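Letters A, B and C name the chains as they come in the text, with residue numbers starting at 1 for each one.
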Amino acid sequence: MYLNEPTLSDIVKKQFRFKLNANAASFSTFVLLQAGAIVLSIVGTNSSFFYSSDESLVTIITLSNDTNIVIAMVWAFVLGIMLTTRNKQSESFSFVSTRLSNHLSNFLFMLFSSLIAGISAVLSGSAIKLFGFIFHGEMVVHSSSIVDNPNNLLLQLVTAFAYILLLFLIGYSISSLVQTNKIFIALFALIWILATSMNGSWNGPEYALAIIKFFGSERSILLFTLKFIVAILGLFVISTLITNRSEVRN
Amino acid sequence: MGINLLPIILIIIIVLVLAYQMTKSNNQKAAFVIKRNVHFKLVAFFIVFLIMTTVVTEIFYSKINSATPPDKIENHYDEEYNSSIPLEETENYHEEYNSIEYQIMNHEDIDSDLLLEKRTHPAGQTLTIQWEHDFYEGNSPFIYIERKQTGDQRIEEFLYKPLLIVDDYDFSNAVDVTKPIWTDNKMTIPEKAINDTTVATFFYDAGLIQQLMKSRQLQSTGYSSEYRAPIIHLKIPAELEIVDSDEDYLYFVD
Amino acid sequence: MTVVEFINVTKSYRTHTVLKEINFTIKQGVLTGIIGRNGVGKTTLMKLIVGFIEETSGKVEVFSEKPFNNLKVSANSILVDDGMNFPYPMTVTDVLKECNRFYVNWDAKLAERLVNYFGFHPDARHSQLSKGKKSTLNAIIGIAARCPLTIFDEPTTGMDSSVRKDFYRALLKDYLAHPRTILLSSHHIEEIEDLLEDVLLVHEGIAHFHGSITELQEMFITLTGKKEKLALHTNGKTVFSTNNLGPYSEWIIQNKCTQKELEQMKLDGIAIASVSANDAYIALTDRPKGGIDDVFE
């Protein structure tokens, strides 16, 4: 009897292509969200200051691609959660798969999606600048041109990619844990309550802020990379280990 | 409040998306069918579009960035707006704040940069000051009246600039000042037209992705602004009689 | 060569135990039917084989390896059941393309011909197919994948009778052309008995019977005659089913009568016949002397 003995990387590659096909619609969703965010950002935020009488004011219009970044992160978080639903899991097991190959191909998919999302979120700044110019006229650009400072573009891409991938894995891990045991819902609810409550001896928001600052205040490229790699791989390993004995298509 | 609201919004979004997914998997026929390749083409198109706009933006960068940036505060008012020094510690805070008024009251010299215009008008027996609007609404100009000791029969009018500072920027020049209208022995302060001027369009890169950049240019989280109405300083002959319905906005310099 | 081996395998869920120390082996190249009543653990058994779930105790071996989290087992086996679903946006063509990439032995031409024959629109979405159509497509995938171990769990659910016949015929033809190990479960033993070489009867969590259809049938005999005579001759023997219609009754008893006893029965006007596979299956899985008729008495 001839038995086929595939390698793990071979199956992971095939599954990655399958996941791209299976989640194709989420890319369209992303493009629509980003396009909407660009339009909103081109209109801009008006800050008005009164003078002389209530009707007379001066206005400063501020354009920024903040919304694009935030939306890319929210999209990643939601998609991360959806990747581990029972339905998606059983879809993967309709073909050749082990739990490990399934997780690895999901990780590849998240890497790929983060790359796409990071590039669009960063480059959306250019679109906002260009259409903002057409819409509002000349402006004061508080950002150096890419030609003058190509390094900045690279740093922005790296930062956006890292944050989007981190959000992907946070969603993915939360969903993996909840899939394994519903008790994790209670645990996350407890963490949420602890992080938002405050009394004499406990200051939840401060601790939550400390975690955010751990990533957000890091200005050294080396430490930033290190922190994100450890966090992302840590979350991935946790979700892989905890679901490695889970039963599928049940 | 903003921080606490965000996760709630996220949860709502997630629930909506999941609900949508569930209804879809429930064997419903879709209203229209998008072929799978369309999704990939859309993403590819979007990325190419963004790259193209980036190239165009870089070519026209100097044109896009050609607006004159508003003046940064450099005059003596900025001490007060410099957040690193608490207000209480600022020396002569009140005097600094009201410096034009202070200097007028003390017959000191005033920085000529602050002067918008100086006009002279012939003086009659009386001077009528008339307001065309209810000056309790909004900020009417402050009028300082000083009687000259010299005997010349002219009214000297000094118009000082109003002040509008938003964060670090001085928009004083952008404020349109309605000058008083002088007709025989009468000064009329006209009603201000309704006005909305866009003084600047700023572009900032998203704060989050500037994290690793050496020189960051971050948006203010909330703008602080300070406004002071224009000041009119009149030097009038000693014997001139002032006629005014309400003297609340007139300050007499001893 | 042994393809599947179960040694004292127990599978328990939180509230109940489904398989209780079950033992059996499946040889290579045999088409085995897995039969049993609802809820006896046929599906559990099949999911254990392909590694979807893990045994509580005992040892499951497929291709001499533990199937749970095993890439080799996953690549060489396929389980076709109604839990086989595909992503929402994928059309029939898309699904077949994916199969072509995943299964080395995939016969794309055969799959295409079968899909055409059964009248699928190539752009129809899998999730929007009717239940019968879904089962048909899943079954086509099972046949065309040509996995060394192919498992069908109730593949004909929702199919109409002509499609069922076509499917079994297609399966048999492809099996003869490309021999492999096939496990097939169905409620309708009469539908598949012509197809099967072996039968594995799962009952009360164990392998109640494992052998050929003929062996199964030979376990019982049908006696037809007057009720009193039957009662006289079957004294001390286990009667599995009694069917009293008109003057004559039809009883099924274990085939443990001696030649002499049988001759005596014949002399008393009792007709002796062999049982159908279905009757034998029901006899084996029924509690002795207690059918649906007893509920109404």
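Observations
Throughout what follows, a residue touches a chain if its C-beta (ideal position, glycine included) is under 8 Å from a C-beta of that chain, and two chains touch if they have at least 3 such contacts.
All figures in this text were calculated on a predicted structure; none of them were measured in a lab.
Interchain contacts join each chain to each other chain, per the touch definition above.
Each chain gets a centre from its C-alpha atoms; the one nearest the centre of all protein C-alpha atoms is A. The most distant chain from chain C, with centres taken as the mean of CA atoms, is B. Centroid to centroid, with C-alpha atoms defining each point, chain A and chain B lie 37 Å apart. Chain C has its Cα centroid 82 Å from the Cα centroid of chain B.
If you average the CA atoms of chain A and of chain C, the two centres end up 48 Å from each other. With touch defined as above, residues shared between interfaces to two or more other chains in chain C number as follows: 88-90, 94. Shared contact sites, meaning residues of chain A that touch two or more other chains, fall at 21, 24-25, 87. In chain B, the residues touching two or more other chains are 25, 34, 36, 39. By the touch rule above, chain B contacts chain A in their complex via residues 3-4, 7, 10, 13-14, 17-18, 21, 25, 34, 36, 38-40, 42-43, 46-47, 49-51, 53-54, 56-58, 60-61, 63-67, 69-70, 133, 137-139, 162, 164, 166, 171, 174-176, 192-213, 217, 219, 223, 225, 227, 229.
The touching residues of chain A, when paired with chain C in their complex, are 1-6, 8, 11, 14, 17-18, 21-25, 87-88, 90-91, 93-101, 244-245, 247-250.
The residues of chain A lying in touch with chain B in their complex are 20-21, 24-25, 27-28, 30-31, 34-35, 44, 47-66, 68-69, 74, 77-78, 81-82, 85, 87, 116, 119-133, 136-143, 145-147, 152, 155-156, 158-160, 163, 192, 196, 205, 216, 218-219, 221, 224. On chain B, the positions that touch chain C within their shared complex are 24-25, 27-30, 33-34, 36, 39.
On the side of chain C, the complex with chain A involves touching residues 1, 28-29, 47, 51-54, 63, 69-72, 74-76, 79, 81, 83-90, 94, 98-99, 101-105, 148.
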